[in-house]
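To start, the structure under review is shown below, and the notes come after it.
Should a chain be cited, it is by its letter among A, B and C, assigned in written order, with residues numbered from 1 in that chain.
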Amino acid sequence: MENKTKTPRVGLFVTCLVDLFRPTVGFAAVKLLEAAGCTVEVPASQTCCGQPAYNSGDRADTKDIARAVIKAFEEFDYVVAPSGSCAGMIKEHYGELFADEPEWAQRAAHLKHRTYELISFLVDVLGIEAVDAEYTGTITYHDSCSGLRELGVKQQPRTLLRSVGGLTLTELPGAEVCCGFGGTFCIKYPEISNKMVGEKTIDIARTGADTLLAGDMGCLLNMAGKLKREGSDIKVRHVAEILADMTRDVPPIGDTRGA
Amino acid sequence: MSEARTQILTSIRRSLKRDSASPEMVSTVENRLKAHARNLVPQRSNLSPSDRIDLFVSMATEVAATVERLPNLSRVPHAVADYLASQNLPAEVKVAPDPQLATIPWDKRPTLTVTTGRAADRDLTSVTAAFSAIAETGTLMMLSGPEHPTTLNMMPDTHIVVLRADQVVGSYEDGWDAVRRRDKEMPRTVNFITGPSRTGDIEQTLQLGAHGPRRLHILLIDGPSV
Amino acid sequence: MQSTSHAFKDNAHGALADERLQKALGKMKVGFQDKRTRAVARLPEFDTLRDQSRDIKNHVLEHLDLYLERFEANVIANGGKVHWCRTPGEARDAIVEICRSVDARIVTKGKSMIAEEIELNDHLEKNGLEPVETDLGEYIIQLRKEAPSHIIAPAVHLNKEDVAESFMKAHDKLDPNRSLEEPRALVNEAREMLRQKFLAADVGITGANFLIAETGSTVIVTNEGNGDLTQTLPKIHIVLASLEKIVPTLEDATTILRVLARSATGQEFSSYTTFSTGPRRPGDLDGPEQFHVVLLDNGRTAMLGTEFQEMLRCIRCGACMNHCPVYGAVGGHAYGWVYPGPMGSVLTPGLIGVQEAGHLPNASTFCGKCESVCPMRIPLPKMMRHWREREYEKKMSPQAFRNGLGIWAWFAKRPDMYRLGSRIAMGVLGMLGRRKGKFRSLPLAGGWTDWRDMPAPEGKTFHQLWAERQQGKASTGAATTASSSSDRKAA
């Protein structure tokens, strides 16, 4: 699609949870993309992909937000988000929102073909097979639902993690089972959500891993929150923090520096 | 009731935003019903006749049917009597009133009590033929009719099926073709039978013989006749 | 059955606290999911068959009137009768009338979700008939006066001890000291008890997995063989089916059958797949003398042409609930009506109204597992979202939630205000959470912090730090290290 010799110009869709809770993940994404030869820009007019409104049935607000995202990002070669959920929203759902507005439908389709989840972008589009990072520990990986089922993110993070020095990957049984976050679900049905994340933390503990990784902040906040409440000392991080070799920059999610 | 019929059909057309169907739609439907075109048939059963029979045997065995191969029909009385003895079952069978089964020399095993007819509650073992057998999943295809009462497939504890090797086809579609080649109306009942009766309704543990037969024993006849 | 869908949250609360139920639900993974995975792996054409199955049903739905007319004509040509019913009441009346015409007393039944939908058993009893469920799972819950908790495994919520207890109570003429510890003993006892009912029944009612337009046949799929005894032994066979069950030809039914059992129980094929066409023929020694098809609409034709049309492709295999983590957590009864799990969350609001069943399409994380295993490729999450849209339009969602969403959307649409607000909020939260790295409670976030800690934010927002980096004046915290390590790497 793009001229290979040209430096790809990437618009980073930060995602609201990374913006608010874990800016380091955003900088990890920038670092990985720049190391891979991309120019990274962060449009200032972005807020959220619109999923909370979309999944609550508020179509009008969703469309307004989607229009803003399309406008902010359509000039880039690629749109990349450190989240399968937000990338999936832009890629798989914006089109349907504008089914009866041909002009916007076309603009949404244009964006769809250039929008990627961070790790799959690095591996599938840029052809990266290894990163320059060290992490001493045994990690296990949770496959977040949207990335996995909407975007086919499964092997890509494992491919890159295998290149991290000192890291051992042990597979999580039921890695593809939802952790119970589900956006507003965890607030609307907290008791069921708690049961689901409780099953998940049992599986996580059984792996014997000292670190849990995933590619979506929502799931990570949920699983980290449950692990911390249970008193677990398993460290929780976004996969990009490890791949960008930035684990010394910030304590694990829900932990303090020096924990 | 015809009022309900009219209203339901009207409601369908209203929902589909059309009046009665166009001539093109009618002919699409007519053609589809006449053509009975096959959809994708899995490659699994696309085999030579002998491999097809092997597939049938392995698939049937996998679902807890038992298969015994015999050179010809004259061996059937011995096979039946020996099988019943091996299972500690009484030497009594209810045989389907099928002309082909009637050619079996039952008197070769005089200790075996043979009656014919539909199944009654007290019948412990039935012997029937099969119309066809589907290698794809080890499935028997039974058509009801005067020569094959359906109760014989379902009521006795033990069902013994006499199947000729040349009746084994690859797919269900091959079976339907054979049904249509009879050039008769659909029988009242077509039973596809894959292994003995089973249930997983109690703690999802497999138990055989829920309501139908506990044992399905297939006598596969390699030769064409007696 | 009387719906308790409106009380989903309370139902779920009870289910989560029910240890016996949780033990039973724990067995579903091995029982269903692993078996399906293995069966699918053995058939390379499985996904193509799913595509074709979807296309067959889509074609049928666009020509539904024509296929129903052809089906009826062929049922009549084979000596049977079709009863068209708009409502549960019409279907119940049609069935009672048929039973009365032969002074029926005992009615055996194969498993039929439509019978649950129209509350048939209650109605038969009120009319002096004795309905006997013959599917083992259905029989067990009939004895316990419960509703099914799963569309293909109605008693999946029970353990064998529960069943033994029910049999001891119900079969009170048997030796009270007999052992019912093993599943085998329970199955044998049910077989004995039900065999007598099969022989005594005057009418047998089955559901239908398919109706075939080409031949006027109805199809049932069972493992036990109960449906076959139900329809073969009595004088009358009544098939109770909803009208979207129709497919054009035997070949079309065959294609969908290839995905049905594999999706449902992980079997290559169920033990008994039976095609029934009309009553017994001249010369037949067994089979019913009369064949009736009671064809029910009950709101389905109104779903055609709407965003819920695709739900009418459903073949009731149960794969969506077998794989649903929410169903796995709370079981089927929590959903409060006939159809649980993801398919129920779409279908139930369509049949009993979104006012009553509004919780169901919300009780999903949209993890997408259901759609990924649906043999008919029904976009279940998408249709649950459509129900949420209808609820939102009707202002049915709780006011507090709508207010929260409204405030959030207001900010999300105003990037400058969003930046300002988020900067302040995260600054405060980051400072408060710095010492422990997490919060054990937070105002307005009880739904979260009752069960989990809330990890503390880093403090500054990404956009704040990015702006600092861009201006080259980053001086503290994550920004320094982040941008410097990033520079190092890029260089």
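The rule is short, and it goes like this: a contact is a pair of C-beta atoms (placed from the backbone, for glycine too) under 8 Å apart; a residue touches a chain by one contact, two chains touch by 3 or more.
Just so we're clear, the structure is a prediction, and the values are computed from it rather than from any experiment.
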item: Pairwise touch network: line, ring, star, complete, or other; value: line
item: Taking each chain's C-alpha mean as its centre, the one farthest from chain A; value: B
item: Geometric centre distance via CA averages, chain C-chain B, whole Å; value: 30
item: Gap in Å, rounded to a whole number, between the CA centres of chain B and chain A; value: 53
item: Per-residue overlap in chain B, given as positions that touch at least 2 other chains; value: none
item: Overlap residues in chain C, where contacts from two or more other chains coincide; value: none
item: In the complex with chain B, residue positions of chain C that touch it; value: 24, 27-28, 30-32, 43-45, 48-49, 52, 56, 59, 62-70, 78, 83-86, 90, 94, 134-137, 140, 153-156, 158-160, 163, 183-184, 186-187, 190-191, 194-195, 198-199, 213-215, 217, 223-226, 228-229, 232-233, 243, 248-252, 254-255, 257-258, 265, 267-281, 283-287, 295, 297, 301-306
item: Partner chain C, residues of chain B touching it in the complex; value: 1-2, 4-5, 7-9, 11-13, 15-17, 20-21, 25-26, 28-29, 32-33, 36-40, 42-44, 59, 62-63, 97, 117-119, 121, 137-139, 144-146, 149-151, 153-155, 172-173, 176, 185-205, 207, 209-213
item: Interfacial residue positions of chain C with respect to chain A in the complex; value: 9, 12-13, 16, 325-326, 329-330, 362-369, 371-372, 382, 385, 387-393, 397, 401, 405, 408-409, 411-413, 415, 418, 422, 425-426, 434-438, 440, 445, 447-448, 450-458, 460-467, 478-479, 481-483, 485-486, 489-490
item: In the complex with chain C, residue positions of chain A that touch it; value: 14, 16, 18-24, 26-28, 30-31, 34-35, 42, 44-48, 50, 52-59, 61, 64-65, 68, 96, 132, 145-146, 149-150, 176-178, 180-197, 199, 221-222, 224-226, 228-229, 244-246, 248-251, 253-256, 259
